[in-house]
Amino acid sequence: MKKIGFIGLGNMGRPMAGNLLKANYEVAVYDILPEAMKPLTEVGGIACNNAREVISGADVVISMLPASQQVESLYLGDEGIMPTIDPSSLVIDCSTISPAISRKVAGAAQARGIAMLDAPVSGGVGGAVAGSLTFIVGGQETDLDKARSILESMGSNIFHAGAAGAGQVAKICNNMLLSVLMSGTAEALQLGVNNGLDAKVLSEIMRKSSGANWALEVYNPYPGVMENVPAANNYDGGFLVDLMIKDLGLAMESALATESSIPLGALARNLYRLHGSKGAGDKDFSSIQTLFTDK
Amino acid sequence: MKKIGFIGLGNMGRPMAGNLLKANYEVAVYDILPEAMKPLTEVGGIACNNAREVISGADVVISMLPASQQVESLYLGDEGIMPTIDPSSLVIDCSTISPAISRKVAGAAQARGIAMLDAPVSGGVGGAVAGSLTFIVGGQETDLDKARSILESMGSNIFHAGAAGAGQVAKICNNMLLSVLMSGTAEALQLGVNNGLDAKVLSEIMRKSSGANWALEVYNPYPGVMENVPAANNYDGGFLVDLMIKDLGLAMESALATESSIPLGALARNLYRLHGSKGAGDKDFSSIQTLFTDK
Amino acid sequence: MKKIGFIGLGNMGRPMAGNLLKANYEVAVYDILPEAMKPLTEVGGIACNNAREVISGADVVISMLPASQQVESLYLGDEGIMPTIDPSSLVIDCSTISPAISRKVAGAAQARGIAMLDAPVSGGVGGAVAGSLTFIVGGQETDLDKARSILESMGSNIFHAGAAGAGQVAKICNNMLLSVLMSGTAEALQLGVNNGLDAKVLSEIMRKSSGANWALEVYNPYPGVMENVPAANNYDGGFLVDLMIKDLGLAMESALATESSIPLGALARNLYRLHGSKGAGDKDFSSIQTLFTDK
Amino acid sequence: MKKIGFIGLGNMGRPMAGNLLKANYEVAVYDILPEAMKPLTEVGGIACNNAREVISGADVVISMLPASQQVESLYLGDEGIMPTIDPSSLVIDCSTISPAISRKVAGAAQARGIAMLDAPVSGGVGGAVAGSLTFIVGGQETDLDKARSILESMGSNIFHAGAAGAGQVAKICNNMLLSVLMSGTAEALQLGVNNGLDAKVLSEIMRKSSGANWALEVYNPYPGVMENVPAANNYDGGFLVDLMIKDLGLAMESALATESSIPLGALARNLYRLHGSKGAGDKDFSSIQTLFTDK
């Protein structure tokens, strides 16, 4: 049986590690907040005192951290674990971070002969709990093959996006496009309503026409059109505006680094930031609908 | 058998009238360009000398004209036909025009007791020829019921959007959203490619994720990803940039009239116009992809 | 002494007509709201019962109305005055309206041999009261020469923009640019402040550098930088957000009519509309600063 | 007499060092390209073999490098000079770089007790040659006082923006605003021209009205309005599009780092990038005018 060292037990990491335990992996866990480890030790996880301890004897190291700087620090910082990871280990970073940092860490892994994947997820806390996350993976195909059964314990879709860092790039591109779809759908619905249409009727027409997109299909932002979506629940829960702003920041950075033009993505980022600055940061991102409504 | 008077035989109107003849309707036709009538008289259409003649004795009047001013002029101008249409007729305007003008004409019809529908189409010339158009209809449900079998001779999807003008509003909202989806998809694909991803791999990942939309599903703008789309054919054919600009103009007008905010739609309109101003007006609208490519 | 008929006595028209009275013109006035005439009759104005009465015997007809439809109705409607204006009169429309309607009315005037100018103003209520308005005039130079002394009774700057309608176009272009300057200045100041700079120091540096513009010079939107501007007074008074939105709507219409690309103007229009939709419609337009501030 | 060590002799650094020699300073120079030093050794400059040599015995160290990474490398890299700079020296970095890196280098200087200023310039190559640059300075006021006479040998305006890094922030804010002014002016002029106005007449009206800004005052982007500007010379020379894109990239980074909304700046960045991607990268930035012209 494989031994897994899991670092980072926030809202996402905790249920992910829990699903590994359910799948009968031996899982050592570590988080800078000791209380974050407790729910896992109760179900068989082994709490560690620091990151170096958690990787000791691990066949697989998994990290799930908030942002680029924590990942860089974990692996490459003064107390970084990269130098002490066993070269036969497989390292999987599930954090959503800058492709540049992701490639930097992967490069350091490669220099020591360590197999490393970037495997950011989509699906949110709900998907993490249900074990139905989507993993978008960058790295060698052969390394992904080794990781597959582990990832399948936590998720239901696994995409191979390309070489190291490609998982981050694909996720960033997807989420930038998602922000554009969602904002564009919201303003189109409001334009229709302002011109006398029923939001439900208009949604159905566009969903079956060339305006079809994920938001209209499963995540309609207009209240009253769908049940069981954040719009039906005061935009509570779901994928938070502040997290979308974070991902859009990564998209902007990637666009700057490659001199890409992203006019709609950049506008969506600024609209989301305006929205967040007025108190909507902890609402679901479909609440962008309310930006287009008269107060 | 119903007699139909059909006015406006351009790239769309000609095949639409042709499909009515195939369905064995008696069809009188008129266009200001006499040569436009010829292909139809060869297959049984009856050419007329003017619009008044074409509506004489017609049970159903159908118009398919380029823009608001032609529709207003046809029905309400100095030589307009509204006063001479038989009150028992059903009038169907398939042109894509301003909802305000559409409602104005419908109001004049109503004042004379004439049943009128606005029924703009999507599906382009290909759909018109194949008889697979989508009709987005505004007007009374009972009038739509009367029109249904006729519309089904020309199309395969019929949506009822609401009262008079609602067909125009729904089409405009859909096409505004479509312009945002297409531009957003194009810039996301280019961002990925600029960061080292393969356009086909990235398209597939986003198509199965929350970035899913009509463009990724059936009309990918990046060359080499799909066959049988304009991107595979130098962006020839399809839905022209200049027609998208026209529809976006109608969306802008509707937003101004209702004081709606449409930041993404407005940006897409201006990007399409910049694109068109550099010589792409008669290319397919997915050619917006090339705006994001280095020359 | 010239006799002037003045139509439209709102916040702008009333003090403008008052300044003509101060300059000893004989002024007949009319407004659909009788009480609007009272302050003027108290200082020598002659109240009339309708627009036809006010132009009777007038050497000069001046109108100052809210929007295109009122101007079109006044001159060309069913009860319109154009047919009864004395052909020797000079007509000056000071309303800010669509260039298309302005040209239409001017064309009708020309057909009757009447000299007509479009002369929209800038300077706001303060300028109207002080007699320091700026007039931006379209029409024949010779007609402007005849109007000059009258305009100088109400304003201090007179520009000749070109033929009929050109006054409207120039004002619309100026105000679109102004909206971009103001929003751009506001976001640059906030970016600086968010990065630790003092708004006053940054304002002074940019004012003396290539970022120099009217907003930094006389109308700084950041509270605490200047005295005697709306930003120093809770953004009360000044040039209202709703009026800027109206002018930006005219700019959008002109861009659509001429297929012009105006990406920044369109974005500014949508930002102002978002701002207005959250309750800022009756604040000064420099309050766009608050859109960039955290709540 | 003070001894100055000058590092970085590109299009800007070379004439700046030349002006210091003209002012009779003793100037040691270094550039990674030996031939860049030649024009200066011919007029009294002392060529050095590396950066460490150039600072040896210098009272003042000045650097003028292309971007953040070169500055970070020069001072803090493996071969970095910070550890060997004499603590009694004054260090002035005139490069335009990220405020974050600027603060990082200044922090390292402070740790060694070295006085350091960030002093990015505006005025371009012309200003560097003429000795009329503007310096926007971050750092301690007392250190700026020591630097003043040296800066005055190279420039005519000196602004103190605030603490370390503030010079960078102020320059970035100014140039972001400048990009918005220039693009906004260009689209307003084109909108006027498309509506029949003369660009010169419209420019003059807006210059004297609330649309007044630096572009209209001294750098009109529309060909034929002003002499002796890049627009009069096929947009050759001046401040290059690619340099504006670089500065806008720094502005975007600062906005991301501080979670600021900069919708207009972000749009201007993307418009400039679209413009540059079509071959205009080495044209003056006022060539954005041509983005709005039909091809």
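We call the chains A, B, C and D, going by the order they appear; numbering starts again at 1 in every chain.
In this text, a residue touches a chain if its C-beta (ideal position, glycine included) is under 8 Å from a C-beta of that chain, and two chains touch if they have at least 3 such contacts.
It should be emphasised that the depicted structure is a prediction, and the values quoted were computed from it without experimental measurement.
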Next on the checklist: Counting C-beta pairs in contact, which chain pair has more, A-D or C-D?
Outcome noted: C-D
Item to check | Farthest chain (mean CA position) relative to chain B | outcome: D
Checklist entry - Per the centroid of Cα atoms for each chain, what is the distance between chain A and chain C, given in Å? => result 51
Item to check | Inter-chain centre distance, chain C versus chain D - centres from mean C-alpha coordinates, in Å | outcome: 39
Checklist entry - Do you know which chain B residues sit against two or more other chains? => result 259-263, 267, 271, 274, 277, 291-292
Item to check | Partner chain D, residues of chain A touching it in the complex | outcome: 245, 249, 252-253, 256, 259-263, 266-267, 269-271, 273-274, 276-277
Checklist outcome for this item: In the complex, the residues of chain B that touch chain D are 267, 274, 277-279, 291-295
Checklist entry - Residues of chain C touching chain D in their complex? => result 99, 122, 134, 136, 157, 159-163, 165-166, 169-170, 172-178, 180-181, 183-185, 187-192, 194-198, 201-202, 204-206, 208-214, 217, 219, 251, 254-255, 257-265, 267-268, 271, 291-292
